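Next, two complexes with chain A in common: one pairs it with chain B, the other with chain C.
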Partner chain A sequence: MKKTTLTCAALLLSATAYAADPGVSDTEIKIGDVNIMTGPAAFVGKGFSIGTKIAAGEINAAGGINGRKIVVITEDDGYVPARSFQALTKLLEVDKIFALNGTSGTANVLAMMPLITENNLPTIVTQAPAALVYTPVRPSVFTFGASYEDAFYAQLKYIHDNLAAKDAVYGIIRQDDDFGKEVEAGFDRAVKEFGVTAPVRVRFKKGTNNFSAEMAQMKQAGVTVLANGGIFAGAANILSEARKLDMNIQSAGVWSEGIPASAALSAPAGYNFLVGDYVSLVGPANDKFKLLAKKYASDEEIAAISRYTYVSYIGLKTMAEAMRLCGKDLTRACTIEKLKGLKNFDTGGLSAPVSFDNPKQLSGTSVGVYQYDAKERTFKALADFKQY
Partner chain B sequence: MRTGHFKESPSQLIALSDSKVVWGWVGGLLCLMLAMPYLVGVYGLTLVVSALIAVIGAVALNMLTGQTGLISLGQAGFLAVGAYANAILLTDYAWPVWLTLPAAGLTSAAISILVGVPSLRLKGLYLAITTLAFSFIINHVILYAEALTHGPNGVFVKGARMFGFDVQKGLPLYYLALALTVATVLAGLNLSRTRIGRAWLAIRDHDIAARVMGIDLVRYKLLAFAISSFFVGIAGALMSLQIRFVNVDVFALILSIEALAIIILGGLGSVAGAVLGAVFLSFLPEGLRLFFALVADPNSTFYTNYVYEIRGIAYGAVIVFALRFKPEGLIGIWRDARKYWSNWPLAY
Partner chain C sequence: MDFLLLLIATGLVSGAAYGLIAMGFALIYKSTGVVNFAQGELVMLTAYIAFSLSNTLHLSFLPLVLVTVPISMAVGLVLERVFIRPMLGEPIFAIVMATVGLAVILRGFIIIVWGSQPFNFDAGISSTVVMIGTIPFYPAQLYLIAALALVVLAMWLFLRFSRYGIAMRAVAANETAAMLVGVSVSRIHALAWMLSAGIAAIAGLLFAANFKLAPDIWFQGLRSFPAVILGGMDSVVGAAAGGLIIGVIENLSQGYVGEGMREIAGFIVIILVLMVRPFGLYGSRDIERV
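Our next item is the complex of A and B:
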């Protein structure tokens, strides 16, 4: 009798624990994605959602996670932090998601952070791997990606070791925000370590598109190695101004310039600029991924594949692996535990292997260096993934 | 049936409304608002709180733009000042929230005086550009005064407790937002019937004529800025309590544009219009989402591929059509409906 009672109590407790975690049924697991689906930066969210779709398609075609299919629910935040907060509230309260894979920009993920921690929501941040996301460490938040500091340091090191003249003059142009500060940190580290001249540091406001005065300053200082902290049209305009001034420069850029559409904006300036990234932009892994994409994405979506597609794919595959390790009794606590213990999870060469078994719960910090061929409009790999 | 308005005593003159029916409706609405947390879920309540914050901001902007005729594109800046004042005083200085809220409003009001000074000589688009520049200055100060504002890193807002309740979420936040909204709406309605409110209307209609009538333009224009910004600051403080995080990206310029859209769509110069506009625009995206979820075929690849574009176009189209066919705004529709109801069955 006692044994039966204990068994019943244990069953009830386990049922309670099971019921306590929303988003999991016998047949499906709901994963949330808050992303930029409208507005000028919509191509980021769209590229991201394609990766999620491919990962979910691949996982579901292979039988799901211990028999449960993955269902991804995307909410648009338009890159507005207040809307990210509302979007996650909807995903948690209306859609009852189990975990979160898409987290939009840095300010957006920070605006969602109180909800993430309150709900102990397993979250993988792959889009905005800023230090503010993993400092302090939140138990349910795992960050995948290198810092802008490392990405710029890696590129400047490559330029210093392989491309620049001995008397090269370094200059930086960056946004006056947290992102810009990280870019400058990488620049500072490089300049200090290489012992080179760096007479110009220019800051500009987010959204600035005319850089004629700033680049004239660079030209006057004789800059030959440029840390270009502009993004999208901004980065292209900076290079375009440099071309107008007939500057002979080696340029290091932000990883968003690795997106084909973004790189195409910079192409007319004719500079073969560098990009540092924590996901692969070209190579056999990317070719293999595109073959896989043909099974689960439309031609239009395949044409829109970008680095954000790779990061979301890696994020969801990593989350799926942790959920798979939990077996049938899937809970948020178990998923977080398995993510914490994850070591060397293979991403098929799209990035360095994923390991969250470190105090910061941070992975993907190795950076590869790529160069854009402005004539051919293609990237080539210069340096393999490496920890800087 | 009522045939006219006859005021027989001073108390009737100063009453907000002499109609028992109106008070009945207001009472009913208040009861509904008090019961709201039990009628909608957590997500619904989040949307309602956001709408209440928008109502405070819209009523405040209506004082400045709708009633005084001073166009402002600096609302995002005033909102940021209020939000940051609340966040910093709560988090870094551990002030109680019942002090940080008025302090947020007062800080915003004090700073608005600086912006108000150029308004004494500027009007229309010139003033709009000046207030827009103010927003940029505020962003700049937030980014560079790191010792005070934490710079680009932003501030996580915590420790807001009132009467033992955490007023950053759930019911306590809702009732706090509701109380402040009711107070703001009452202030807006009462101010419009005082000497200050009438002076604002006179300035809006013709500032030179107003000055000839003895209205001190300096005083009343600055008052419009200060009072309006006080309430915008409170809205910012509430926003910081709800989101629990503030940084410069939260207060993008689009907020100023949306605030103007709200009062124009609601009906410029009317407190009720500002309320209607704020509620309408706050719930429009959710309404469209529900509408498309009902009518669209979930298996249609066209819909799934372009769902966000379709909703975005529908959002813009609703606003354009509303303004094209009802330029007096939502309050105009409400007045027409009321008139139709009062005169029925006679011809409208």
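Our next item is the complex of A and C:
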């Protein structure tokens, strides 16, 4: 009788232990993904979801994580922070996810942060690696990616060292928000370090289409090196105005311009602009990835592969590695512990190796520099991943 | 001097876009008393329709306009029949709220059909830079200014000399009196939506040709609103003039003052003008007899 009671108690305790860490069963692990699947920025989320699908397909085809298959559950937030919070609430309370890989934009991940910390949810932030995400450090949050400051500094350094004339005049056009401030921080660092002339700095509101006055100011100031802080159509319209004004410029851009569809918008302007990124845009690693993608993604999805596909792939593969290291007894605490100790995890050349064994739990801060060929509509690598 | 001319010239280009969109607002307001908050979305929808037609039929600019405008007018008619006609007789505020709902529906519909990715859309217009004096223009920019001039002329002729135009003015002046003399008010309302959608098509097509085709074009509707207020809510031609004025003021303030002045300059002008002429530069003084 006593033995039976003890056995029952042990079983109950064991069940309680499982209940503390939802999302894990004998056969599967549920990973959440909150992303931008609708609205004007949906192509970012769709690119991201392709990477998640490929990573999950590859992991599951290799037998899963210690025998458990990965199941990814995506919730749309439409890029609205309040909806991100609702989406994660649903993922936690209804779907019972174990960990989170997709986290949408900066404001969105910040909106979700109370839920992430309260649930000690292992989370890898790859889409919006802003300083606000890792400052202060939250124990269960790991950030992968460089800052816009470093990305712009890297490009401007390359231009200064290799492309620009000695008497080059630098100018910046950037959004009037936190993202724009980061872009300008990289510009400031470059201008100060290189000791170059930078007579004009222009800010604009998000959603601006017409940059005629702004670019007239750049032309008036004789700008020859431009830090183009526009994104998508905005970046293309800035270069289009520059072309109309017959400006001979070297242009540095935001990494979102590395998305083929976005770069194609700028192609008619004819500038071979630069992009700094913490994931590889071209090269053997990307070719290998596309071969892998053929196994798990449709032709339409393969055509939509972008840098966001690579970041989500890296995020889920990194999370999977930490879970694998936990063995059969998978818990959130163990996953976080293993992520904290992760050092030089190889991403197959898609980025610099991932290491979270630092106080900020931050990795992927090395930046590569790429150049767009407006005629061929392809990117080429100019500088390897490097810490700036 | 070149800098000033450049700012004025490019201000006229963006002002022409504002003016065309504002004319659509004014036309519906003049005939129905309703501020159509879906005007920006109508511009966006018709731009996407033009994009699909261009990709399917491979038309040059003029044939593309000739095909797009009637289709857009038909779309305007359908929207009026489905969303606005059932609200006839309801308080104006309720109808305005219906246009807000329509705006949200159109935004979602566009992304469902065409996706969220921005596109290059040349609308069959060359992208070779043209010099007028020392000022460079893209041909699409010149087309935009020319289109505003032509649409203003056409609308002036229509409202002044055509039977339907005069009926439209009659409805605007006094709806009950117009009904008493046999004017079909519901038909005039439908016509206003059709014409507004036709103008929106020209605005959308040329806006996209100048500034890319993306699902955020609807925002231009809000940005054009100051032009309607400035020109006069019920003045179709005044709205066009208001657009040009706002466009030039925005560019000059950005060029000479900078630091985000573009965003607020138009609104400062509106406040100043409305203090002196509350009905706008060209709007009718509203006299209420008690």
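Some observations on this one:
Here is the rule we use: the second predicted complex is superposed on the first by the 373 of 388 C-alpha atoms of A that agree within 3 Å, B and C clash if a C-alpha of one lies under 4 Å from a C-alpha of the other, contacts with A are read in each partner's own complex, and residues count from 1 in each chain.
Following the convention adopted for this analysis, contacts are C-beta pairs under 8 Å (C-beta built on N, C-alpha and C of every residue); 3 or more make two chains touch, one makes a residue touch a chain.
Just so it is clear, the structure is predicted and the values come from calculations on it, not from any experiment.
When the two structures are aligned on the shared chain, A:T89 is found in touch with chain B, with no touch to chain C. In the superposition on chain A, contact is made by A:A264 with chain C only, not with chain B. Contact with both chain B and chain C is seen for A:D176 once the two complexes are overlaid on the shared chain. In the superposed model, A:S25 makes contact with neither chain B nor chain C. In the superposition on chain A, A:P114 contacts chain B only, with no contact to chain C.
Contacts of A:T38 after superposition on the shared chain: both chain B and chain C are touched.
Once the two complexes are overlaid on the shared chain, A:N358 sits clear of chain B and of chain C alike. Contacts of A:L132 after superposition: chain B is touched, whereas chain C is not reached.
Shared contact residues on chain A (touching chain B in one structure, chain C in the other): 38, 42, 176, 205. Interface residues of chain B, counted against chain A in their complex, comprise 41-43, 46-47, 50, 136, 139-140, 143-144, 151-154, 156, 239, 242-245, 247-250, 252, 254, 301, 305, 308-309, 311-312. Put simply, chain C touches chain A in their complex at residues 3, 6-7, 10-11, 13-14, 108, 111, 115-120, 127, 129, 136-138, 207, 211-212, 214-216, 219-220, 250-252, 254-255, 258-260, 262-263. Those residues of chain A that touch chain C in the complex are listed here as 38-43, 176, 202-205, 207-210, 212-214, 216-217, 219-220, 232-233, 236-237, 240, 243-246, 261-262, 264-265, 267-268. Touching chain B in their complex are the following residues of chain A: 37-38, 42, 76, 80-82, 85-86, 89-90, 92-94, 105, 107-108, 110-111, 113-114, 132, 176-181, 205, 298, 300.
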